[in-house]
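Structure in structure tokens, see below.
Letters A, B and C name the chains as they come in the text, with residue numbers starting at 1 for each one.
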Amino acid sequence: MNKSKTLLAAALFSAMATTAQAGSEIETLITMLHENGMVSDEQYGRLVAELEQNKAQSVEKDTKIQAQLTEATKPSDVEVKVKGGVTVKTRDGKFSTKLGGRLQADAAAYSADPEMGDGTEIRRARLYLEGTMYSDWGYKLEYDFASTGANGKGITDALITYKGVDHLELKVGHFKDPFSLEQQTSANNVMFTERSLAGAFAPGRHIGVMASTNQQHWSLAGGVFGDTVSATNGTSHDQDEGWGLGARATFAPINEKTKVIHLGLGLNYRDTGGLGTTSFSQQAETHISGVNIVNTGTITGVSDFLKVGAELATVMGPFSAQAEYITTSVSRNNASDLDFNGWYAQAGYFLTGESRNYKKGIFGSVTPKASVGEGGIGAWELGLRYSTVDLTDADIMGGEADSVTLGVNWYATPTLRFSANYIDVLDVKGGTYDDQEPRVFQVRSQWAF
Amino acid sequence: MNKSKTLLAAALFSAMATTAQAGSEIETLITMLHENGMVSDEQYGRLVAELEQNKAQSVEKDTKIQAQLTEATKPSDVEVKVKGGVTVKTRDGKFSTKLGGRLQADAAAYSADPEMGDGTEIRRARLYLEGTMYSDWGYKLEYDFASTGANGKGITDALITYKGVDHLELKVGHFKDPFSLEQQTSANNVMFTERSLAGAFAPGRHIGVMASTNQQHWSLAGGVFGDTVSATNGTSHDQDEGWGLGARATFAPINEKTKVIHLGLGLNYRDTGGLGTTSFSQQAETHISGVNIVNTGTITGVSDFLKVGAELATVMGPFSAQAEYITTSVSRNNASDLDFNGWYAQAGYFLTGESRNYKKGIFGSVTPKASVGEGGIGAWELGLRYSTVDLTDADIMGGEADSVTLGVNWYATPTLRFSANYIDVLDVKGGTYDDQEPRVFQVRSQWAF
Amino acid sequence: MNKSKTLLAAALFSAMATTAQAGSEIETLITMLHENGMVSDEQYGRLVAELEQNKAQSVEKDTKIQAQLTEATKPSDVEVKVKGGVTVKTRDGKFSTKLGGRLQADAAAYSADPEMGDGTEIRRARLYLEGTMYSDWGYKLEYDFASTGANGKGITDALITYKGVDHLELKVGHFKDPFSLEQQTSANNVMFTERSLAGAFAPGRHIGVMASTNQQHWSLAGGVFGDTVSATNGTSHDQDEGWGLGARATFAPINEKTKVIHLGLGLNYRDTGGLGTTSFSQQAETHISGVNIVNTGTITGVSDFLKVGAELATVMGPFSAQAEYITTSVSRNNASDLDFNGWYAQAGYFLTGESRNYKKGIFGSVTPKASVGEGGIGAWELGLRYSTVDLTDADIMGGEADSVTLGVNWYATPTLRFSANYIDVLDVKGGTYDDQEPRVFQVRSQWAF
């Protein structure tokens, strides 16, 4: 091989020669044949030129394919999920929307006195739309189609949240006052079909503003509230609505996946506004009948009242327990103050080994280890509760009641729950139903997501 | 070519040599040149090594591209469809959700006696969410915003289904009792704007449990029901709600796409519960007015009643016909039993050649051969109906009425329907409107999906 | 090179030889080597055959990859967007569905007489589903869960549209009569929390049919309407509902992005139907209280009434202004006709430089230049309004009122708005609240999309 050939080869193949690359053997062959004198310089020149051109074309083609592949394999900007409800969110996390809901279809049979009326009921039938907007903002609107009474009354959560500051959430709209573990826990997720007798003191939802923070071992929430969504400034619309203050602090010294100790304290103050009335009542841990076994009736001349609640709860593997005590002090203008109170203690055990799901100071939904429809039998839970409430004080003879409830829950899938409860009202003392001891058997079929 | 060269070639090219493959001509060429002595053994060795390396790289590159292509071309896990409503489902069929609804906007003009009040109405305005969860489970919640009366009353379908056993569906919640072809057929799909006079005996929806099975040539459904969604255990909440049993069997000896013969039988028993009352009434196949031309008023002392219905229907190409007879026997505690009955017969014909869509023992929605907006004129159907009801027996003078209805339906698209009906009440005998013969002209604009 | 070889080469390589292509250098090389006599004719034939086969395979492979790439990179048939609400549409534009809504959570404090009752309110809480079907058709159903009163009353827009004719839209269902700039503009987008005192003459929504056209510089809409969605033909259902005619024309000699001059004229005629009554009233540009500071009460013996409205509006960069005058003439059967009227004038200024968004003869939503959550402070707007209404004429002493309103709007994102209004009722003359001058401070938090 003469020098000129070598130089020519070097000049032409400089870049390519460094490492082997697709088709490089043809370069090598051409060079060899040229060196061996099998092709002339002119032929060699033509071959090299053609090779170069083809290589450039090949690179261009590969680049184009790669660009197309990159385009084709990149995840879509929007992700759609369906698991009962539908969730749509942008990959960048700036926007999301979820459409969800719940249904609770109940039936109940009553025995012993008082007559309570066997029957059926759609207990709750809700749809909601909630989401995130522009990274820092959230919204929600939920409506309960099973709500009776004035139309707007079916509005449950209707709110805006601001999450632009770390560990802090600001909320404005209509939502639950921060008070009581069993009230904060969704009705989808409480252990029995109805909350305890102490639920007589549930503050419910009001239109207001709240700030809250949730950490691994504690949570804190406090807000200022106006009145309920259906409050109407009295019949002549000229009286101030009520307003209130609420705060709840929780502390979880242990908060692991299957091991929790929870302590909580709630305060709820309410000024009754221009109406100056309030009332407390409770059914026998049932809702179909509508009979309130304890009931203060309308208490007049009320300026304000204060509720204080203490919470205790634990999860130890499949076992869980929870207890609350709530006391309510009612200040009256021209009569002595009133003190009412109630408490409950309950325990539950998963036969199938699941654990109650504790998060942000409340209990969340139960996820069975193996769902029905995926080869499993779902999650099975037994529960027992004692609860009591006393609505009798001074001249107000609302009555006192206590009851024991035995329940079984079958969580067929994470979205389905079937429950059966047997409630034995041990005694009613005072009030309309003095000395009566109704018994309730009720069942619920529920989907929620 | 010497033997060593041949062996070398064989060793190096063993696998590749079997069938021609991309670039194999270069191998062949190299081998030839080596055999022809154009390249030295050393050169040949280098060429073969380089070729091998390049081939490995090429295979790797192809594999990578193929993997990317496979990833890129595989269908997404979630499929989203929009055709009026929105359907989201997972490819594996385990989960799906549909958001749909309907609107019926009506106007009516009345002539002759009684005065019925011309006007307009949103007849139905519904949204629903329904879907499948964990393969075997289904759910639905539908609400009618046009519903008048108590709030929860607008709940139509609110239910859970279990489909884990072949050919069987279990249902719990609030839904229609299985009774009567025209009642089972959606209001979107019945031939006239309102159901027949015999619809006075429609059992409606109750909260209950039902099992059903649907085969090509027959269907069977039976259930136990509590009361309606808005039943409230009487005004003092202490009376048992009513309950009932319902069953329907259908047989279709011919069930082809455009040729159907349908026979059906329905039974519906209802215990009136603690209230012990019932009533039957019907408007003149119109709804805007609200005037019931026949009306038993409240019948007291009723223990229970039984409805029996016989169905007959056929589809023969564009022609369809259907008839039903329903009789109701009311048992009273301290008075003679009552027998009421009604029937109708109707026929329809598609001028544009479509056929009524029969499926699972009911009629479904009509799909025009060519929609407006896609170059067609939609589907046009003419219909004629005679219907009658007799609500007079013993001391109950509810009245007897019969009417003829002439209708035209324009299905502009599968999701849109415009209807005009002319109803001539031939006679009312007995009751409040004895001897009166109102005439009704009413139109409807409907979307449904 | 002999001739036969050349011919052979020509025959074999005819097509390929025209332009260089990937791997063509090997062809060239083979031909050269053949020409140079380095490979035999037989060898050359084999090489060419193999090359041909490999080329065909290569083309096939490339074609397959390209087909897969085309499949993989083509946009999905359905596009899903989430920005608060969710929009799903097909690429071909034939179908689309949007799920959206709004929430307005209000609080108000009142001072001076009359007593109006401080409080809170969910002013509006709506969800809607709207979309396009089969290219030419549209639909919408919106419900306001905050609506009080009869259930169906919460239905706002419930309609079908036909858009198959250029520049023309036909609409049937329940929607707003075409009248008044501030009424046509969504409550989400009007400058103050409540519309002006002249809003006493708002015709509201009725069930009807309307045709409209929108051009760059003008719009025209006219329709025939029945009654409202909750009209019930009187208590005994036997009286004709009311009906009406409505038309609105707008002219925008200047209609640029940040520069608009708008003129409008509206006519609204209404026959009161069988009831023969009407009434006009208005609150002090507030809604929580429910106190009507001017109120004609029920006017009886009314056959019909006619409203005429004139509109004027402008946008000049961040500045906007708008004014309307409305007069209403009520014809009575046995008494003199009545004339009522009202007007307002308002101006607004964006401190952050945005412009009011004018489109199709109304004002749309405001888009801040930089949203909170995306590094901005949102849009800030100041507004001032004077408005007045006179409901006193002849024997009807409804009262006369005028007020000044000062407002500030913070549009944190395109979907969020926070507003504070101070309303000073300058005077009420006549009527129940003669000589009283209430003052209102109210705030609103809103999401809408």
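By definition in this document, a contact is a pair of C-beta atoms (placed from the backbone, for glycine too) under 8 Å apart; a residue touches a chain by one contact, two chains touch by 3 or more.
Quantities reported herein were computed from a predicted structural model and do not represent experimental measurements.
**Q** Using only Cα atoms, superpose subunit A on subunit C and state the rotation angle in degrees, rounded to the nearest 5.
**A** 120
**Q** At the subunit B/subunit C interface, shared numbers over all numbers used: above half (same) or below half (different)?
**A** Answer different: the two copies use largely distinct residue numbers here.
**Q** How far is the middle of subunit B from the middle of subunit C, if each middle is the mean of its Cα atoms, in Å?
**A** Here the centre of subunit C sits 32 Å away from the centre of subunit B.
**Q** Could you say which residues in subunit B touch two or more other chains, in rising order?
**A** 23, 26, 29, 33, 38, 65, 69, 72-73, 76, 80, 99, 127, 151, 154
**Q** Applying the document's contact rule, which stretches of subunit A touch subunit B when the two form their complex?
**A** Contacts found on subunit A: 20-26, 28-29, 32-33, 36, 38, 65, 69, 72-73, 76, 80-86, 99, 101, 103, 105, 107, 114-122, 125, 127, 145-149, 151, 153-154, 288-291, 371-374, 412-413, 415-416, 445, 447, 449.
**Q** Using the touch definition from the top, list the residues of subunit B that touch subunit A in their complex.
**A** 23, 26, 29-30, 33, 38-40, 43, 46-47, 50-51, 53-54, 57-58, 61, 65, 68-69, 71-73, 76, 78, 80, 88-90, 94-97, 99, 127, 129, 131, 133-137, 139, 141, 143, 150-152, 154-155, 158-160, 164, 172-174, 206-208, 226-227, 229, 231-234, 237-241, 273-274
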